[in-house]
Structure formats: structure tokens, C-alpha cells
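The first chain written gets the first letter, and so on, giving A, B, C, D and E; residue counts start at 1 in each chain.
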Amino acid sequence: MEPLNLFPFFLSLKVAVAATGLAAVIGIPLAYYLSRSRGKIADFVDTLTTLPVILPPTVLGYYLLVLLGRQSPIGKFVEETFGTTLVFTPLGAVIAAFVVAVPFLIKSARAAFASIDPNLIRAAKVLGRSDWNIFLVVILPLSWRGVASGLMLVFARALGDFGATLMVAGNIPNETLTMPVAIYDALLAGNHRLANALVMIMTVVSVSLLYMMKRVEKRMIRGDGSHAARKD
Amino acid sequence: MLHVKIKKAFPHFMLDVAFTAEKGITGILGPSGCGKSLTLQCIAGLETPDEGLIVLNDRPFFDSRQRVNVKPKDRKIGYMFQNYALFPHLTVQQNIAFGLKGKPKAEIEQKVAEMIKKIGLQNYERHYPAELSGGQQQRVALARTLIVEPDVLLLDEPFSAVDHYMKQALEQQLISFIQEHFTGIVLFVTHNIEEADRLCDRIIMYHEGKVIQSGPKEDVFARPVNVTAARMIGYENLFPVDSIERRHEGMVAFINGIELLVKDVNVPPSPLFLSVHANHLLFVEDDRPNTFDYEIVQTRTRMNHFDVMIKTEHFMLQATVAKKDWDSLLASKKKLYLPPEHLFFLQG
Amino acid sequence: KNEPSTLKVAAAADLTLAFQEIGKRFEAKTGTPVVFSFGSTGQLAEQIKNGAPFDVFAAANVQAIDELKKEHLILEGTEHVYAFGRIGIAAKSDISVRTLNDLLKENVKKIAIANPDHAPYGLAAKQALQKAGIWEQVKNKLVYGKNIADTLAYVESGNAEAGIVALSLVKTSDVHFQLINEAMHEPIQQAVAVMKATKHREAAKQFVAFLNSSEGREIMKKYGFSIPKEQ
Amino acid sequence: MEPLNLFPFFLSLKVAVAATGLAAVIGIPLAYYLSRSRGKIADFVDTLTTLPVILPPTVLGYYLLVLLGRQSPIGKFVEETFGTTLVFTPLGAVIAAFVVAVPFLIKSARAAFASIDPNLIRAAKVLGRSDWNIFLVVILPLSWRGVASGLMLVFARALGDFGATLMVAGNIPNETLTMPVAIYDALLAGNHRLANALVMIMTVVSVSLLYMMKRVEKRMIRGDGSHAARKD
Amino acid sequence: MLHVKIKKAFPHFMLDVAFTAEKGITGILGPSGCGKSLTLQCIAGLETPDEGLIVLNDRPFFDSRQRVNVKPKDRKIGYMFQNYALFPHLTVQQNIAFGLKGKPKAEIEQKVAEMIKKIGLQNYERHYPAELSGGQQQRVALARTLIVEPDVLLLDEPFSAVDHYMKQALEQQLISFIQEHFTGIVLFVTHNIEEADRLCDRIIMYHEGKVIQSGPKEDVFARPVNVTAARMIGYENLFPVDSIERRHEGMVAFINGIELLVKDVNVPPSPLFLSVHANHLLFVEDDRPNTFDYEIVQTRTRMNHFDVMIKTEHFMLQATVAKKDWDSLLASKKKLYLPPEHLFFLQG
């Protein structure tokens, strides 16, 4: 029996981590913006951020391929400037996973931001802090549980994405072949033993993840409890 | 001297107030939703009025004509929020130092250490707010507010969430602390009259976004300008006046067909009402003017006195009777006396 | 409408164009409507193993049919090779790629092939590249489509400069196509069989017969399939 | 030009409606159970309900296919009893969409149930109502907005599912070919005009859906507001 | 007659109470988190005690020995929750009819109509709770509770969320309504002493899950059994007693080296304290026992009286002085007198 090639597993982990990072950098400020605004632009952005949940990942993937592909203005620009293509690289997998998963972070972080006692923010303002400083020093620390739970979901969804990743990244072995695609390939090649082994790995990782998420959630509840107690 | 004259409109609410506050504690008193917190927020720069003026000791914070609008962080205002709004993720030390950002580290440390000593929390520097009692939390909130040496201190219902048992102790603490460590202007928001009574020097009474009365506490409580204000501060005896007559011994008010002698000569525009505080009613044996036969309709025992509902032929009244006077009241046949010097007119 | 008599045919993705025409002609001739589920051979085989209600399975290889046979899922004696697939180099017209060796050119940055692990056309492509002795050199230019249709999409959208795809799919495409010599790879024997579970045994047999009829063969040839000689 | 075959669109709608119905019947009571319990079984069920978010839909689809296929005990039982197979029928598509989408309902409904003032439930108990009656008469009406928003997500996700549906239901034209699969097929067959038309339809439906969701959310906020006002 | 004797343990809290409640209003008074709501929930069957007994008029609701545990819906208990817990999605009519499910439609309609008349909401049948004022909501909650004719009425801090201005009116309304329409046992939970004072006949005082004192309101307020109870009901003057001596004129207590004559003869076990209410201190001119020279340290003006902090050579005291006595107090040199008949012992 061939030794199990764990490349897809580690690639998937890396892609998921990177997509989560990207989601954090883009999604958290966006969520913050959305939690503060009620204007038309905000409503539009809000609608836009939920579209990836509704459109099928493969279709999303196809349009991403066209949008970021090597013939597209964006793709051309990146290729000329950085000498690398966006598609068919792990970067493509990251982008695909990011697009598919980021709505979950935005939803979760937004709720967390919205639930912060506005008086805390007012207090920080009156004590002379700038908005950006308040975001870093007050808002993020106080909502990190909601944000963390959102990041977990992003990570999970990114880890599990098949359709979009396959389309945008191509399944190049030892390069862009992620775990979900590897499992699919193994299944279709009739290699059930390999498929089952990979699914086992995937499930163990997922369950550990879920367990972590649960713990975060529980702490969140406890955290709330302590707040409530303080109010009495 | 803080001068405030602002307007701010919302779909279902309009704030339109003007007042001046001096050194000492000024209470803003009014029912829920009357615009008390909104006023403080405008003063602190957290909300922007639609138009008006906010000036502190000749420093304009806001002036809609001159387009002045100083940012909250530059107003140097102390603001203590309902439930204190301590940062739950920061220690006592970090909370207190929060307003000092940008100062040299050594200075911050020294100031915070001093402040912690002042509030007697030397062993709690590293505790989190949730690990402190309500009283300790309050002291941290005060320390955090006062360490930046503000010119004005705004207190928004600091006791509204406090257990009844703790309230008295906390109030006492707050007042002593402020008297010792703060010499500026204090605005204290509450919707509890007794609290305002205990803590404030001057009172501003709000009603539906407007100031209905303001002045030294004693004056406001002794002489509410209209029926709304009177009800707010606990006057129960309010009679619509049918007509008045000026006689040489004083004014005479006609109410339900009877005459009442009134020493008060300030007659506001109609609708005219007459009032007397339950505390000021007396029971006498002689037969002077303003006395009536009466009947006790209902009695309720209080800690320090009795509240009695009294019926005369012409009207119902609420009176307060001290416990030690109770037996003598029942012992002999007395009459109810409405002292002319305690009767006053007010607007409906 | 007489729905139940509709024939369901599972067909490998490389047959997409050819079978659509065959279906129309078959229906015109026999009055039996046909619908196709196109997919990769592996996916369709898995589905059949789990009870997919197909009457006919036209794979892109022989192994898939053999495996189903082992599991007694096909009607005895109906399995046979109906066509040989041909592969070629597809490229956007603005890039001149004519031979396998052209794939080594500097300006060919990405080459799309179907996944050789389970797509027969992918396997053939791999064999051709190996035979040309350039497999190792082009290996890191390769991107894999999950089936041969996906692969063509990569070339068509310009994301891969070139690709090795089925001749049968490029008919309607605007890519430049250069056939690869059959000797460069094992023959892509495509086997078909009637499913044992079919409820339309006669119609199914009729369809296979039509595929092998001169009319059917003409269409298959038109789309670039070679036809086995012995039949 | 051939007339646009709208079968996949209507099938997708039907499947999404059915999956949403199934999710309602199974997911709402489950969410209620989870919102009340804190035991080990509840924790386990909870973990189980989140797995579909993490596992790739195709992989999920494959295992569903094996689990419910005609060779499986379940598949055999259903086939013998009802004379129909679960897989490769619209029913299969419904099941696939259900599994993929139901976690979103459970998450959303659970939060809605958990946020009901427990005193309302206590009041109903003391006033002589049974648990089931309380669920119908008090809990559901009070949390319907959260539940509805969860059902919307289910509907959207069910509408957009590709991987699991393809695997379990197959892409049999006029029978199990859903919209996402049809778009994918059109894309790969090089029929971009068809693909774009289908995506347009899909997007218009999605955006209307999102708009509805937004309105529900807004009403939810207003609802909370009125509660808050009542407390003053 | 309601008999309760239950225990229930939580990780950080233990409820262990026993009491009996009769017809009339019994107040359960105690600080936040002491187990008041938990007790009501056990009585209503919403929580199950670990062990014990709950019996109403010989009907056992709960008996851990006999394994009796009647379901909440069969206990026929009226329960009014904090903030009323009206169903926000049901109209006034539907809210009131909620407990009548299963009864014939005609009967329900008639009863609800009657009840709506009683609470004077004839034009509000189809309104939703959010459209009612606080007072109207309260009446609906009461109506909903009383329409099922319960034997016991449990009220859990019905005024805790009410605006201060409304509280008095609502209290009055509640009491009148109960007196008119309900003749059973009322348990009234609050953590506000003044509220308990105004509304209750009897008091049960809780502290950390235990009953520390119970009895008629006057007795409890006049004579708290220990320092905790005394503090809870506003006694500020609490002195640790060094020793006591029995003499023929009464007890003598030694405190900080001085002697105080005490008429009280009930001496509880040590640690022994002596107390007197601020109300009972007098100022006299003659030189009898228990008089001391004093100095006023602090004065605070109240609505009806002054609170003064008094210092003698040996101790500090809080005293209440009626406004009308104030001038005479300042006019002549008086001494502070601690009346022996108002001094009493209590446990530390």
C-alpha cells in the first residue's frame, strides 16, 4: 500500500488558515462598518456579502475564474506586476475559500459588535481615545468571542470548500490539490480505502474544531453571565 | 459656569433646553425619556445638537452659528455612566489609567498609584471589575473619571442599578469623594426625587424635553411652579381655584364654594391651582380661619410617620402626621388647619 | 406524454456533443425520447453502484464497465467497446502550439489536462506526454480538470494557454486544435453497456444498436471518434 | 435559439421549498430541544448538526449516497415499503439540500428560542398550559422572526447546493437536474449564454430573497425595540 | 395557610427556608440573590426542591418523603412576574383569557368581559401590551392571574422596573385591587424596605438563602433579631456591648466604658449588640440617666425631616429630627437622651 500523501491535508490547512486570515483582515472591519451604519451603501454592501451563501460554489468559482483569470484585467495586472497568476495557485484556493466563507464571519462579528454596551464606547471617547484606538482597545477585546466563533466558522467552511476551490485553483497534485478535492478524486478513482482514510482525518479535525467552537461558545455564555452579575 | 442652550429633534421627541450650572451639584430630575441622558451626551460631545450653544467657562464647546464643535476627546469632561461602564476586560489599574494615554509612563504610574490610594483600593490593582463590589466599582469609575482632571463632572443615574441596601452607602461615598477631590461643576441625572433631595444643591426639572423649573433645591421643592412640577416632587394636594379675591388680610381663594385665606401674593396665569404640602397641615383645637371638620378616610403606617387621607365636607387631602403626634391627634376633637403662609398658587 | 418510456443514458463528459445529436436522431427515428446525464466516468460509475436508474452507461473507458460487470450491474453480453476517443492539443488561437513539444515553450505557462487518476482522457494525455518524454518538464505547468469538459473550460477561458482535450468536444469551440497521434497513448477504448436494472430493456438495446448503426457511427465520426473495426 | 428549459429552475424551487419544510419539521423541534438541554446527549447532537457545515458537500453527498443508496439497509427498506428509491429522485435532492442547509436553521432558531424571556414560559406553565401548547402558543409566535430568518437561510442554501445534490440525486434532465447543476453543465458545455441567463434568474431570486431576509431582520430589531420600550 | 419547608442546593448557593404564610400580604424581603424568586418558583412548581414540604390548606403540593410533586398547571397558583411577563403577541383579551383554556367558550367570554370591566380597560380589549401604560399592564397582569381564581397569589417584585413616579400610584392600585378582589394568601417579594413597609402585613426577612426573621411588620421593624436584620431595615445605631449587669431599675449595658440603662430584658446570646432607632432619640434639658453632651457632625436636609450625625464623647449616632423641632433644638443647650424603653439588645 502506498503511503498516504498528506500534502492535500496540509495544503487545506494552510489555505484555510490563510483564508481565515484574509477574512479577518477584510471581514472584521467590514462587519464593524456594517454594525455602525444604516445607510443605503451599507445595505448594498450587506446584501453583497450574503450572496456567496446563496450562489452555488461551483458557479461562484466559475465567475471568480473569469473575473480573476489570466485574461481578466485583474489577473493580467497581478501577473504582470507580481509575476504570479491568481488562479491555479494556492493563492487562488485561498481567494475561493475566502469568498465562500467570509459571510459567516461578517454575520457573527457584526452581531458581536452590535451587542457591546454603547456606553463603553462613549466612555472611551470621553476619555480621549480615537475611534481606531477604541476599536483596538475596547471593541475587539470585548467582542473577541463572537469574532472568534465567526473565524472558526470561516476556517471550517474554508477547509470544506470543494466547488469554488476546484474551479479557481485547479487540482494540481502537490500544488493546489486540497483535501476535499483529494477525497473526491479518491472516491471517483474507486480508491475507497484512501477516501475513507482522508474522510477520517477530515472528520477528526472537524470534530476537534467543533469542540473548540463549543468551548468558545460556553465561555461566551459564562462571560455574559459575569456581566449580568455585575449589573445586579 | 456651564451654559447650555440647545435644540435637537428626533422623529418622536424634541429636546429644547436652556440652563446654567454653577459649581456644586446640580440635579437634573425628570421622568424616563424626558431627555436627561441626551443632554449630558450633547454636553460631552457624544451627540451633536441641531442648533444652540454649549459654553464652559468661556470655552465654547459647541456653537451652531460659529460652526464650533469640539471633539469629545478634547472637551476634558468627566462622564460617569449608568452601571459605571467600566471596561470589563481591563484591570482596576488599566481602567483608571485609560484616560492618560500619551502621557509619560512614569507620570501615569505615579498618578494611578496616587488615585488608587485615594479610593482605598491598594490591593485591588490587578482585579477585574467583575471581581469588585458595587461600591468598589463606583470608586474605580470615579477615579477613572477624575484622574484626567475634568472641569465638569456628569453623572448619569449612577445608582439606578444598585441594590437598595447599597444605595445609601454608595451615595454617601460618592458625595464625600466628590467634595474632597473635585471642585468643579457636577451635573447629576436622576429620576428619583429623594435621591435628588439627598444629593443636590440645585435642581433642574425636565419634562418632555423641556426645563419646567430650576433653582436651589429648597426653593424648587418648596414652591413648584406648576402642577406637573408639583406632582413630580410629591405634592398630592392640588386644588383648581375657581376665583380669587384680594383682601387686606391677604388673598382669598375660592375652591368648591369655600374660601381659603392665602398669604401668597404671586398669582400665576390661569389655570390657577392652590397647593399645600402634606407636611404643613396642622390639627388645632381653636376655631380660626382655614379650619375644617374632618374625617380620616385611610391611614398608612410609615417608618417615621403616618400618611393619612383626610376628607372634609369640600375636599380630600393628604396629610403627614409624626408618630409622636398621633395619640394626641386621636385623643381630642380637633380641626384641620391649612396654614395660610404655607398655601401657594401655581399654574395648572 | 408517455414519460416512462424516456430512456436515461449516463454518458462520459467527452460524449456531450456527440450524444446530444445521437439522442435527437434516435428519438426522431424511434420515437423514444432520450435524456443524458453527463459526468465524469468515475462519478457516474459510483452513482450506478448506488442504484442510479440509468438504462445505458456509455463510459470513457473499459475499466468502469468491467467493474460494474463484477458487481452484476450490467445486462450480460451487452458490454462492448463502441468507440475510440482521440485527444489533441487545444490552444487559444493567438498562441501557436502545434506539437507536444510546443508545450515546452516559455509562453505556455499552464497546460490543462483531465485528472489522470480517474478521467480516461486525462490518463491518455499523461501517457502521450510521457511518451514524448516531456512529462517531467511540463509537470509543473499542469492543471487538472475534474473531467474533460472542465479541462476545456480552462483553455477556453484563457486561464491555461493550452490543454489536452477530447477531439469530440472542440467542435463548437473556438480554440485551435491539433490532433495527437494515436500511437502516443494507449487506445482510449470507450465501453458501453445496458444496465441490468433497466425497465426499458428493448429500448436500451435499440439505443446501443443505433449507436453502432451506420447512422450512429457517422455521427460519432463526425465528432472525432474512431470506430472499432470488428463491428 | 432553443427555448430556455425552465425545468431546473422550478425543480430547484420545489426542492428548496421541500427541504425548507423538512428542515422546519425536524430542525425547529431539534433547535428547541438544544436550546433547553445542557446534557451530554444534547452536546453530541449539537456537534452532529454542525458537521455538514464543515464537511465538503461532495463528500457529504457521497456518504449520503452510500447511506441511503439502493444497496443500503435504509434504501432497501424504503424501496420495499414505498416502492421508490431515495437516491436519484427529487426526494434525494431534497434530502441532500436538507442535510447541507439545516444547520443554519438550527443555529438561528436556537438563538431565537434562547432569547425568549423565561418568565413568559413560566407564566404560561402556571396558567395551566402543557409544554407542547406553550411551544405552539407562546414560543413559536415570539421567536418566529429568528426562525423565519433561519428558514430563509435554509432556503437559500438549499437553492444553491451543488455538490451534495449532484452526488445524491444525479443530474438527470427533467427529473433531478437542479439549477446549480444546470448552470454548471451549461458553463462546461460552452453555452455561456444559457449559463448567464440561468445565473441571472438565480441572482434575481437570491436578491429578492435577501431583501426579504433584510426586512425580516429589520422587523426583528423593531420588535426588540418595542419590548425594550415596554420595560422602561 | 401556606406551609413551606424546603431545601435546594446549587453549586454556589443553598436555599434552606421554612415559613408559614396566612391570609393577607406577607412580604419576603432580602437583598439580591438571597433566594426570594427561587422560593416562589418552588411554591409554583416551576422549580423542584431537593427535599422538603409545601402544603397549601392541607393540599400537599410537594412532599419529598411521599414523592408528591403536583405539576405547576394543577397547583392553581397566581404568579405575577417581574415586568409582568405579559405575552407581547397577544391582546389584552387574549392575555386575560390565557389561563381559561378548556373552559366553554361562552364562559370564557363572559368571565373575560367581567374581568376587563373590573380593571377598567373596556376600550383596550384588542390592544397589545406594548400599547399600554405601565399601570394598565399591571392591571392586565393581575387580571390574568386572578381570573383563574387562585388560592395563593405570588408577586415577584412587581414594581422593580417601574419609573419612580409611577410606583406610588401603581402600588396603591395593586393593593386596592387585591383587597377588593382577592381574599387568599399573598406573598410579595421585594428588596425595597419602604415598599415592604407600605404594602405588607407580615414580613419574612431572607439572607443568603435563610429566613433570619419573620412576623408582623410592626414587630419586625421595631425589633430586628440581629445586626444583619437591623441593617436591612435601616437601623444605623448598632453598638457592640462590652458587658451587662442586671440591676433593679433594669439592665445596664457597658459600651465603650459608659453605662446605659436598658429596659429590654430579652438578652440574646453573644456577640451582644445594643440598638436604638434614629427616630427614638430625644433631646432634653434635664439631667437624667442616659443623657449625653453632644455635637452635631453633619446635617442633611430631607423632605420631611433632618438626618443628623451626632458625636458624643463615647460614640457616634444617627438621629432624625422633625422639621418643626429643628429651631428649638438649636435654640437652647440640650442633651441627647437615649430612652431606656427604646433601647434593645440584639445579636451580632
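In this text, a residue touches a chain if its C-beta (ideal position, glycine included) is under 8 Å from a C-beta of that chain, and two chains touch if they have at least 3 such contacts.
A quick map from chain label to UniProt name: A, D = Molybdenum transport system permease; B, E = Molybdate transport system ATP-binding protein.
Since the structure is predicted, the reported quantities are computational estimates derived from the model, not experimental observations.
Visitor: Starting at chain B, what is the smallest number of hops through touching chains needed to reach chain D?
Guide: Shortest path length, in steps: 2.
Visitor: Go ahead and note the Å separation of the Cα centroids belonging to chain A and chain B.
Guide: Roughly 52 Å, centre to centre.
Visitor: Determine the centre-to-centre distance between chain C and chain D, using the mean Cα coordinates as centres, and give it in whole Å.
Guide: Going by mean C-alpha positions, chain C sits 36 Å from chain D.
Visitor: Could you grab the centroid distance between chain C and chain E? Build each centroid from C-alpha atoms only and quote it in angstrom.
Guide: Distance between chain centres, rounded to whole Å: 87 Å.
Visitor: So which stretches of chain E touch two or more other chains?
Guide: Residues 32, 163 of chain E touch two or more partner chains.
Visitor: By residue number and range, which residues of chain A touch two or more other chains?
Guide: 62, 184, 187, 232, in rising order.
Visitor: Which chain C residues sit where two or more other chains touch them?
Guide: 43, 46, 150, 153
Visitor: Taking the top-of-page definition of touch, could you list the pairs of chains it picks out?
Guide: A-B, A-C, A-D, B-E, C-D, D-E
Visitor: Where on chain C is chain D touching in the complex?
Guide: 6, 8, 13, 16-17, 35-39, 43, 46-47, 49-53, 147, 149-150, 152-153, 156, 172-173
Visitor: If we count contacts the way the header does, which residues on chain E are in touch with chain D in the complex?
Guide: Where chain E meets chain D, its residues are 41, 44-46, 72-75, 77-79, 81-83, 85, 87-89, 98-99, 101-102, 129-130, 137, 144, 148, 161, 163.
Visitor: Show me the residue ranges of chain A that touch chain D in the complex, using the header's touch definition.
Guide: 43, 46-47, 50-51, 53-59, 62-63, 153, 156-157, 159-163, 179-180, 183-184, 187, 195, 199, 202-203, 206-207, 209-211, 213-214
Visitor: If we count contacts the way the header does, which residues on chain A are in touch with chain C in the complex?
Guide: Contact set of chain A toward chain C: 62, 65-66, 69-71, 85, 87-88, 166-167, 170-173, 175-177, 181, 184-185, 187-190.
Visitor: Using the touch rule from the top, collect the residues of chain E that touch chain B in their complex.
Guide: Of all residues in chain E, those touching chain B are 31-32, 163-165, 191-194, 197-198, 218, 221, 231-232, 234, 279, 300-305, 320, 322-323.
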